[in-house]
Structures are given as structure tokens and as C-alpha cells.
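You will see two complexes here that share chain A, one where it goes with chain B and one where it goes with chain C.
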Partner chain A sequence: MWSYIPHTREDKEKMCKALGIASIDELFDDIPKKVRMKGDYDIPGPMTEDELIVHMQELAGKNSHLDSHACFLGAGVYDHFVPSVIDAMASRGEFYTAYTPYQPEISQGTLQAIFEYQSMICELTGMYVSNASMYDGASSFAESAFMACVATKREKVLCSRSVNPEYRMVLKTYAHFRGVQVEEFGYKDGQVDVDDLKSKLNEEIAAVMVQSPNFFGVIEDVASIAELAHSKGALLITSADPISLAILEAPGKLGADIVTGEGQALGNQPSFGGPHFGFLAATEKLLRRMPGRIVGQTVDTEGRRGFVLTLQAREQHIRRERATSNICTNQSLCALMGAVYMATMGKEGLKEVAKLCYNKSHYAMEKLVKEGFKRAFDAPFFKEFVVISPKPVNELNEKLLKQGFIGGYDLSKHYPEIDKGWLIAVTERRTKDEIDGFASAAGGEVR
Partner chain B sequence: MNIPEDLRYTKTHEWVRVEDGRAYVGITDFAQEHLGDIVYVELPEVGSEVEAGDAFCSVESVKAASDVYSPVSGKVIEVNGSLEDEPELLNEDPYENWIAVIEMSDPGEVDALLDAESYAKHCEEEEEEMA
Partner chain C sequence: MKKPVELIFELSKPGRKAYSLPACDVPEASEKIPEKFARKADARLPEVFEVDVVRHFTRLSQLNYAVDIGFYPLGSCTMKYNPKVNEVVSRLPGFLRIHPYQPEEMVQGALKLIYDLEKMLCEITGMERATLQPAAGAHGELTGLMIIKTALEHRGEGHRNKIIIPDSAHGTNPASASMVGYEVVEVKSDERGNVDVEDLKKLMSDEVAGIMLTNPNTLGLFEERIDEISKIIHDAGGLLYYDGANLNANLGKARPGDMGFDVVHLNLHKTFSTPHGGGGPGSGPIAVTKELVPFLPAPLVEYDGNRYYLNYDRPSSIGRVRSFYGNFNVMIKAYAYILTMGPEGLREVAECSVLSANYLMKRLRDYFDLPYDRWCKHEFVISGNRQKKSKGVTTLDMVKRLIDYGFHPPTVYFPLIVPEAMMVEPTETESLETLDAFAESLIAIAKEAEENPQLVKESPKTTPVTRLDEVTAAKRPIVKWEFES
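Entry: the complex of A and B
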């Protein structure tokens, strides 16, 4: 197979001649010889297309993946079913090939799709306005902290340790360079430790940040936390699993001011952890503090319905360093998949997925308890839960992998205080046979 | 271009009218003309302290969100709440519709501001630069 060759030998000679050099190597004369690579790249020679396909299939065959193994790993990215209509829609040339086609004259389809995405996110979260999406759950979570700081004119946020550790790391990185302080408060029995929160909450706090269901899968008492935050003039920011919102009360109705989350569960394959998309929705009061793009519905000069980007006056390409955020883009294609997923499933379909997740994860928890695993927390959970394993989690996972199971997340890295904590995710895709098999295999390994 | 004789101006296109040590502050006809349709006014907080030259509120038009700089130092004692619901008032009559009232901490600062004649000249120069 030929590689893609942008220039012929004649092209290169012409260019060298124009530059007055004998060879391309002369362009690198400024780089000391001792740091330059000597010799050739140690890579094998070319293959035919046929050989290459076989080779790639061999390499791919080494992976343990969602079609070869039953997956009980979640921790932010989940093995939900992705109907084939999603790829069919998202790979249409009109959606797939164009990069940021936002001129309303030529992009009504794309803009309408984003508008519908925003409308569905608003309905799911119970919020007034949604943007056109963010990079991922972590970036939307971090950006929301800055919205709160600008809105309250305060420069410190409180974040629960029951929030996804990676979201908290992204939040701290963003905050460090914006001069925003992040303080964490603890958890008790898997839920926000209200006493710890109370002791840290005061009139200098811009926002209280929680996740529900949280990283342990536990459902937080969002309404009480919101009330507490508001009593000191702070905003309440939540991160939510969008699937859970089909059966749990919308955070907007519980007093949340900003609702963020990872959108992967909505029609995006887990892949290797991305690309996915984040959602961010807020109250009407915070409309002008929202980062990123927003599509609005309007009428053209002839009174026909149309869609345009709106509320861009505070974006970076206009306001430069005084912009509300340096996010200048969105994850349109991934968000489109989210929109197609929500439209395909419909309200009832989404509820069904959520109920299956809830029922199957509770069934799996009971099975594991019977096999000698102990529940870490008694608090209510949605589709993910923590059990304490009698043996180290990494060893257990390795053994289970050999039996065809991708085990749960090892909590020891981020929560060393939870000894042998094993975070198990069960989606609607897991069958009773898989759950039974997983529980008895895990039980067998620890006895 | 309307530039009332009895007001003082900044190079950043704010106007000031002083009454009993209080400065009424707004944006000029030149400013509203160049901003285009104003869709949102972010008012300063009553009670906040401002320094002359501080960006103390912002005006958002269909084109851009622009900062409004305080011409004088002092404390914001009143804001024009009607701009929240009717931001277009700034387009209709920018001099009748002040944005905020500042209790000045240094009334002498007003003397350093431009008079109508110098401000008119400044606008002309800016127009030329833009053209």
C-alpha cells in the first residue's frame, strides 16, 4: 500500500531550488547534530491492503472489549445500548463532514438539531436554558464554577469529595489559572457530609458543587443541599447522569442553579473514553453567564421559523480576554448523537432504560452480597454501587477478565480510605445470566 | 450627533451630569450609535465602590458586550432599574436614560473630563480612524 504522498520528488526539488538549498536536511541546520535522530525509522515495510486489514484485525483481537466481555465497569463512562439509527444519522454527510457550519444561511439543519438537543436537555434537567454542549462532563462541571463566581462576585467554591475524582482534578486545574479557590468537603455513608459542608459554607462561597448520582452511584439529597447553599447566597451546581434523570426528579426542580453532566450515556459509544460531550444547563438568571454556543429560534424577514447562534456577545471571538470563558466550540457531532438517542428512545424509552439499570444493578448488588461482598454504603443508589471485596480489587479484576468479565472500578487510587472498594456499574445491557455468572465468578475468586 | 453642552465626557464615551455632588453617568449618543441595538444592560450593584476608569457595568448589543467605565470615583448609590426590562431606552435617548448615580469621593475629578467641544473633536478623530 502507498502512503499518502503530498509532494512528488519533482515538487521537492523545485521547492529546494526556490529556497536555494541542496536538500531538505539543510532546513534543520539550526538544530544541533547531537540531538538529531540518526539512522532510519525502525518500522516494517509496506503491506498490501489485504495484508494490512488482516494485521489490524490481529491487533484488534488482542483487546478485551464490550463485545467479547460482559462489562461491569462504569465510573463515568457506561456500556449503554446505542441503537444503530444513531450512527446512520450522525454519519450523514450533512452532519458529519462540515466543521462548525454555523452560518444560518446554509446550516439550518445543523442549527435545528442543536436547538432540539438544547430543548431536550432543558426538559431532562428541568432548567431554563442549555448551551450547545461542552467537551465532556468534567469541562462543563469546571466551567460552571466560573459562571457561579462571576454571578455571585465571589471567588471560592466548595466541592464534594463524592464527585468524580477526575472532574475534581479538571476543576482544580481550571481554577488554579483563574485564581478561583476550590475547597473540598467530605462524605458520610456515601453521601455529602452535611455537617462538614455546613462548617465550610459561608458568605464567601460562590457555589456548592455536588454530583447526583455521585461517583459511588449514590443519590444525593439535592434539595437540602440546595437550600443550604442558597441560605448563604451560594449557587448549587450539580453533575448528573442524564439516564438517571428519566426517573429521578429534575435537579432544576430541586433548586439547582446549574446542571452539568457527561452526555456519553446518551447514544455515544464508550470507545476508549472519548470523544464524548458534556451538557450544561442553567436558570434564566444565569443565561448571560453561560459559556459556549447557544442556538436560538427566530423568524426570518419573511416570517418563517429559523435558527441562529445567539447570545454570543460575550464569547471569546468578540470579547477577547474579557470573554466569560475561553470555550469557543462545542461537541456538535457527539451532542447530535445524544439528541438522536433521546429522540429515538422518547420519554418512555428513556424511563425504561433507567428502570432496567436501577433494577438490574440492585439485583447484582444482592447477588454479590450473597457471594460474600459487603455493601460499603446503605444509601440509595441508581445504577452503580460500592462493595467491599474480601481480596484486593486489582487481583480480582485480573482473574475475572480471564473469565470474560470486565470488573468494577478499583477505588483505592482516589479513595484509599475505602479499603478494597469495588465500584460496580450495571446497565440495561447486562443480562440475568451475565449478572449471575459475574457474581458467582467473583464469589469463587474470593473464597 | 447629539452632544449636549452642559455635560462632561470621557474618551471611552461615557457622559456625566453633576447634581449636588452626585454624578449621573450614562453612555453617549456616539456610543449607542456604534453599538447598535442594545439588548441587555448589566447594572452595577448599589453600594459598590468604584474608581475612575473602572469597568463598572456592561452594555450588550447585538454586536458585542462592551464595558462601561466609570468617569469618576465614589460609591454607586442608585441604578436605573428600568434599563433591565427596556435596554433599548439607551438607543432611544442616551442622555435622558442615565445608568447609575455615583456619590463622588473626589468631585475635582470632573474638571479633568472632556467638555462638549473637546469630546466632539475626539469623536471626529475616532470616526476618521474607523473610516
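Entry: the complex of A and C
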């Protein structure tokens, strides 16, 4: 007997008898002999629950993690504090063992929570509509390009090189197969190179795509870029750090048409890169071009407020090959965790987190400069910044690890033109002592 | 307006807080955010205290139906039990608290898990290598089709632009095909519910890139002529894509690789017990034959006999389909499930899920139309056509009534080729008593449809809300909370 399978021998006999068969094997007679499996899978198991836990602890024990090291690594995933209520709520079986809310009468919990999520994302981004989530920041960035292409009836987008390299790679993959062209434009002092953008921008461009704060942590002049894009009839797409939006102007107020981003920072653990969630929000004009699920408010037959999946005529299960996207399962539970996080931090808390990140990262930058590192860009930054290390970054990181620090991201792989560029992230979790220790250890290694 | 539960915004009161943050222990930055970049008006997030948050989301959760509450026979979704131990082990700090860009030396356990899970999934599917990057089934389809397109280009066959998809297929199949620029060609089903092989032959040309098949298909029926289909497609120069939504019935019984498939996607959130989360996160790995390995996305996890590492050196790769390595925390749960079950346990899963489905079909067949009368696999499709014709009670009405009996409805109006379809997938984790109770309820509803159709049409009555006005929701969309300004 198996603890997840209730069929006793008597149950099986009773069911076989009802079906008029001598053994369960008969039910598989329609599988052609040639493709029937002979023998067993060559895989380990079975294990008892206790054996499994011991095995998993052993595997997990082979990883050093963010509770044993002070982390100055970001580059898309951040060590923000996750309040206890988030896992407590996400661990409720009523949430995590439900399917996509196809039957609204018995899915109001998920539907209302996602409606609240959408409302909070719209509030942060300054947009009219948010969908129920995407796979991650990269795929929501890529899919937004297609929205722009359909809306403008154009087939080419311009993307800044200051955007997260993995986002750009995903965009290029998606676009290649969809037959959409992607051209990149450069950066100057860590910000969009407006002259380069201008030289590439014309009436064939569906969208200008930027990230702010960008991959270097630098705040882009979204308003000016949006104006430029709109002057040629292109849309402005941005990818934003949701934490930063507590103190940085909402992209919607700056002229963005679509705002995407990675939601990990909102109450999701790093977990080796996933699952997290992507958000995607847009103007009212683009409502019916949105990919994925959207929850809408309505009333029931008794006049009570209720929520449903709405505007489904955009989606694959109705529209099939003419759908706005193929997305079906998204990252609902991660978005729900995002909603619980935003509710927990609230209006004041999110601002405090953002200000702590801002002040601590600036403090860390100054400390590192005093230790012999050079600030790479003068442009304003939010919680991440680039310094030039006197010594190759991989060697430096290796040394720092031995002293209990996870160092910053090595820019050499994707930005060879920035010699020995070191991307440092400082969240609200880093204490002054940790920053001081990190800076002096780093200084000690390069002197 | 009456409200089952207030919105979190309606609980907000200035001055309340649910968080505790440290005071700033560094001096305030002398460099200020330039005025033009600074936020002018605060984001109006709710202001509540911690008890509000907990009670609010707990109340919301209580409005949901879920596998932990009861029977959830949603066809093609494999709503099996989600083991608790998997939740526990996936939350170990060594798994939850690791950054994806940490040096490989620090994350050997995580890399080993990905490596070993890939091996197990290859063994289960009969394929050479796999990528665990895709975040969901449809994401896997997209990735798989990109691989097919690239592989054909490498063969010098880049002109092939048509993908054949059965009329019984999931909506994601054609949507994914069009996202990679393929034209969708539909192949009919025959009277046994299988791909119509004669129709398929007629569709063959040197423009065909391949076929997307679910096996068992969405009618819950095994494609008996899979061998022939695979030969027809391969002989014509195309490739076979396996939609893994229904792999549960094949565990320990038949492997897609042995059926001739070239690309296989799996739904770890279906077959391998990871929870669906109310719509994700899932995980949709893609496994491929040896010929297609070079085209898998970068990176793959490799082992050099001493250490595990990420290999980005993949010059023929399709590129990347998401950041990092996939939904790692979902992978942990699937890995734990496979280890718990082992080879015999997985075969038991297939046998019991198929036995339960056939038993339930047998119990219901006299009361509903049965479009395909043969052994089913993990699920079956019946039709409410009889009830609709008789008293105008639709399948939707009947499944809404099921809610009053304490069950989640099956998948309805799908596959599209069966009118008034109900697609029932019991999975192996439901007892004989549950199956009997469900059958008796549905039989009672069939009787109600005859004797008291109004009762069925007005159901459900026992839920937090009754039927909702979806038409107005789509016509005049309210997609966010409107603040009183």
C-alpha cells in the first residue's frame, strides 16, 4: 500500500469485477505491444518519508545560503526581507492546492486576492490594467513587445543595452521565432544613449524598451525617452523594480504605455531563481491586447460583489491560434505572495524599504570608493550600483566568499567594455556592520 | 452592494502598520533622488495591521475549493494530492535561500538535484536530455516548438511552416504554434476518438514541420495507431511533439520516446504532484531525442565526475526562454515525489488512475451520453446532450449543481468535438467511497434535470456567491479597485 493511493486489494477486485475484467492489465490492452514498457524505470526509490527528509536535508546541506553569508549580489534577484505572514498565508491548502479559478463560485478567494494584486500593481506602476501575472520579469518583458507590435502594426522594437542581459536574451529568442526584429541601442554613463536611440528610431519602430532602474541600478530618464518614442508613434515599454516605485515616479505618470517587471522582490524568496512572478501592466487602450489572465469585478444573481476571469476572448482556450498569447498557467501563488507582501508593507512600509535600500546602497558605494574602487557611472542609482574593481571581479569574489560575503555580479560576461565592472546590490537587510566589513574586506583584497 | 469579504483597501486606516523594519543605521545619503525622478504622490497601498492581513487572507482562502478540501476531477489537469512532505523539504533554507548567481561551488546540492531530476525525467520519457527551464506546460510547448523549428532549419528544411494539431487538442497547442510563426492545420478525429490516420495522410506535404499530440489524448483515449502516425510524420520529414498533460496514465506503462516522439513536455504540476497554486507556479520541462539535444536552451547542468556545473556553451541552442534555470522550488517537489514513489509506485499510479477512471465511467454511462465506448485511460468524456435536449438543462447547469453536492466540477465544454462535454479525471489519490459518492451525486443530478430542471439551472445555492454576471464583467471591465479621489 502507498500512503497517497487509497486502493486496497478488495477495492481493486470490486472495481475490476464491476468492469468485468480479470486484471487491471486488460485496461492497457489498447497500447500497441511494440510501445509497451517492458520492465521497470531505472530510477531510485521508493523512500519512506523519514528517509526522504534525511536525503533532502543532506542535499540542501550542500548549498551555502543567504542566512550563512551576507549577500551583496542582486542582478535581478534580491535578498529583501520576507515577513512571516506571507508563507503562512501561501501555505494554506485552500490557496495552494486549488487550480486556476475556472469555477468562480468556489474560487472567490483566489479571484479576489488576484484582483487586489492587480489593483496594487496598477497603483505602483500608475497604469490602468495589470494581468494576473506572467512567468517572470524576462518573459513579461518579451511578451510586451508583441503587444506593441500588434497595437502599432509594426514589426521591430528597439531595446536598450542597459536592460538585464537575460531579459534581452529571452526577448531575442521570443522575437526571432515570432518574426519580430530587435535592435539594441547603447548607453552612456550608465544611462540610455539618447543620440544612439534617436539615430535608430523611426516610423517602423513598434516600441522602445528600457529598464528603470536599469541593470546597472541607474535610474533612466523615462519621461524623455517616452516623449521621443511617442514622437515616432512607437510605444514606451519599461521594466521596473517594484520596490523602487515606492519612491520613484510611477512609469505611467512618465508616459510609459506598458510596464513590466520582476516581482520576486515582493515577498518571494530567491529560491535559486524561481518560482517568482512577472508583472505586466498597461494603459486602458491596450486592455484587450493583454496576454494572460485578468480578474474583473462583477455581481452575482443576488446582487453581491464577486470576481471572475474576464476578457477571456483574448485567451488561448477560446481564441486558440489567434490568442494574444499562449500563456495558460501563470505564477498565481507567487503573485498572491506579492499581494500579501504589499498589504503587509503597505503605503508607509514599502517607502521605508525603498529608502533603506537607497541610503544603504549609497553608503556602501561611498565606503567602497574610499577603499579604492571607482564609481563607474555618475548617474543617479536606486539600490544597485557599479564600481570598477582594481582586480578581476571573479578573483575578488572568491576571496570575499571565504570571509563570509557573497560579492557582487561580475559584469565582464555581458559587458566586456566595462573593464572589471562589479555590480553591487544593497537591500534593507544589510546592516552597517556588514557593509563596513564588506567594504574593508574588499579593500583589503585589492590593496 | 453586498460583499462576501471586504477588499483589503476597504480595511485601510491611516497610521496602521503590519510590518517591522529596522531604523536606518547609516547616514542619510547626501545624493538625493533628482526631483524629476522622485514620486510625487504616494502609492495608495492599504494601511492595515498584521491581524487584518492574516484574517483577510484566511477568510479569502475559505472561499476557495481545493484538493485539500475534496474531490477535484478536473479533466486533463491531474488534480492529485499534493504531498505535505514535499512542501516541508522544499522550504529548507539550503533550497529557499540561495541566489541563482551564487558561485557553483556554493550550490552543488541544488545543481545535483537538477541534474538527477533531469536524468529521472529522461528515463521516464525515454528521451536523451531535458531542459527544466520552462515555467509551465504552455511555456514548454513554446520551447519545444522552437526546438523543432531550429532543428528543421539545421536539416536545411526551414521552409516547413505547418504544424498538425488534432481537433481535440488543448487551446495552448495552436496558440503556441502561432507564437513561433507556424500555421496550424487541424487533423480530424476518427470514430474511435483517435487521430484519423487517413485524414492525416492527406495533410502530408513537404511543408509539414510536425504534429503535436497528447497521448492518451484529451478524450482520455490511447492513440492506438501511434506507431503508424509516427512513421507517417517521420517519413514525410516532420517531427513529433508530445504534450505531457496526460502522462499520468503512462507511468511505468509506455514511454513517449518508445512511441516515436522527438520532443516531450511534462507538467510537473500534474503528473508529479506539485501543487497548482490556484494557477501556478507550474513547471514544464522539455525532453528531447539525441538529434535535438544541441538545440536545448542554455544552460544545462553537467557533471564532470567531481563537480556539477552550468554549461552555457551551447552554440546551436534556441537561446533562452526565461531567466535562470526554471521554477527550481517546483522541481524539488517533483524530485521528492519521484523518490517517494519509486518505479513500482509510479506504475501503481498509472494503474490505479486508469482503474478509477474506468470504474467511474462505468457507473455513469447509463445516465449520460458516452461518445466513445471503449476503455479509457486516466480520464473520460461524457456528454450532457441528453439532458439538454430533454429539459434544456445544460452541462454547465449540472456541474454547477455538483458544487452543491460538495464536489468540484469536471472540465466542461472541452474537448470541443464533444457537445456538452464533461471531462472527468479522478486521479489515483481518490478512494472508492469518494468515486461512488461522486457517481451517485451526478446520477441524482441527472434525475433532478428531468424532474426539477429549475433547481439545477439555479444552482449553486450553497456557495459564497451564486452565478456571476460574466457578460457585464467583459463589457464594462472593472479590473482594479477604484479609489474615491
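Just a few scattered comments:
Definition applied: the second predicted complex is superposed on the first by the 385 of 447 C-alpha atoms of A that agree within 3 Å, B and C clash if a C-alpha of one lies under 4 Å from a C-alpha of the other, contacts with A are read in each partner's own complex, and residues count from 1 in each chain.
To be clear about the criterion, a contact is a pair of C-beta atoms (placed from the backbone, for glycine too) under 8 Å apart; a residue touches a chain by one contact, two chains touch by 3 or more.
Keep in mind the model is a prediction, meaning the values are calculated, not measured.
Looking at the shared chain after the overlay, A:369 reaches neither chain B nor chain C.
Chain A is touched at more residues by one of its partners, and among chain B and chain C that partner is C. When both complexes are overlaid on chain A, the residue A:247 reaches chain C alone and has no touch with chain B. Of the two partner chains, chain C is the only one touched by A:296; chain B is not. In the overlay built on the shared chain, the residue A:54 is in contact with neither chain B nor chain C.
Contacts of A:351 after superposition: chain C is touched, whereas chain B is not reached. When both complexes are overlaid on chain A, the residue A:314 reaches chain B alone and has no touch with chain C. In the superposition on chain A, A:322 contacts both chain B and chain C. 313, 318-319, 322 are the residues of chain A that lie in the contact sets of both chain B and chain C, per the superposition on chain A. The touching residues of chain A, counted against chain B in their complex, run 153, 288, 313-314, 318-319, 322. The touching residues of chain B, when paired with chain A in their complex, are 39-40, 42, 45, 60-65, 67.
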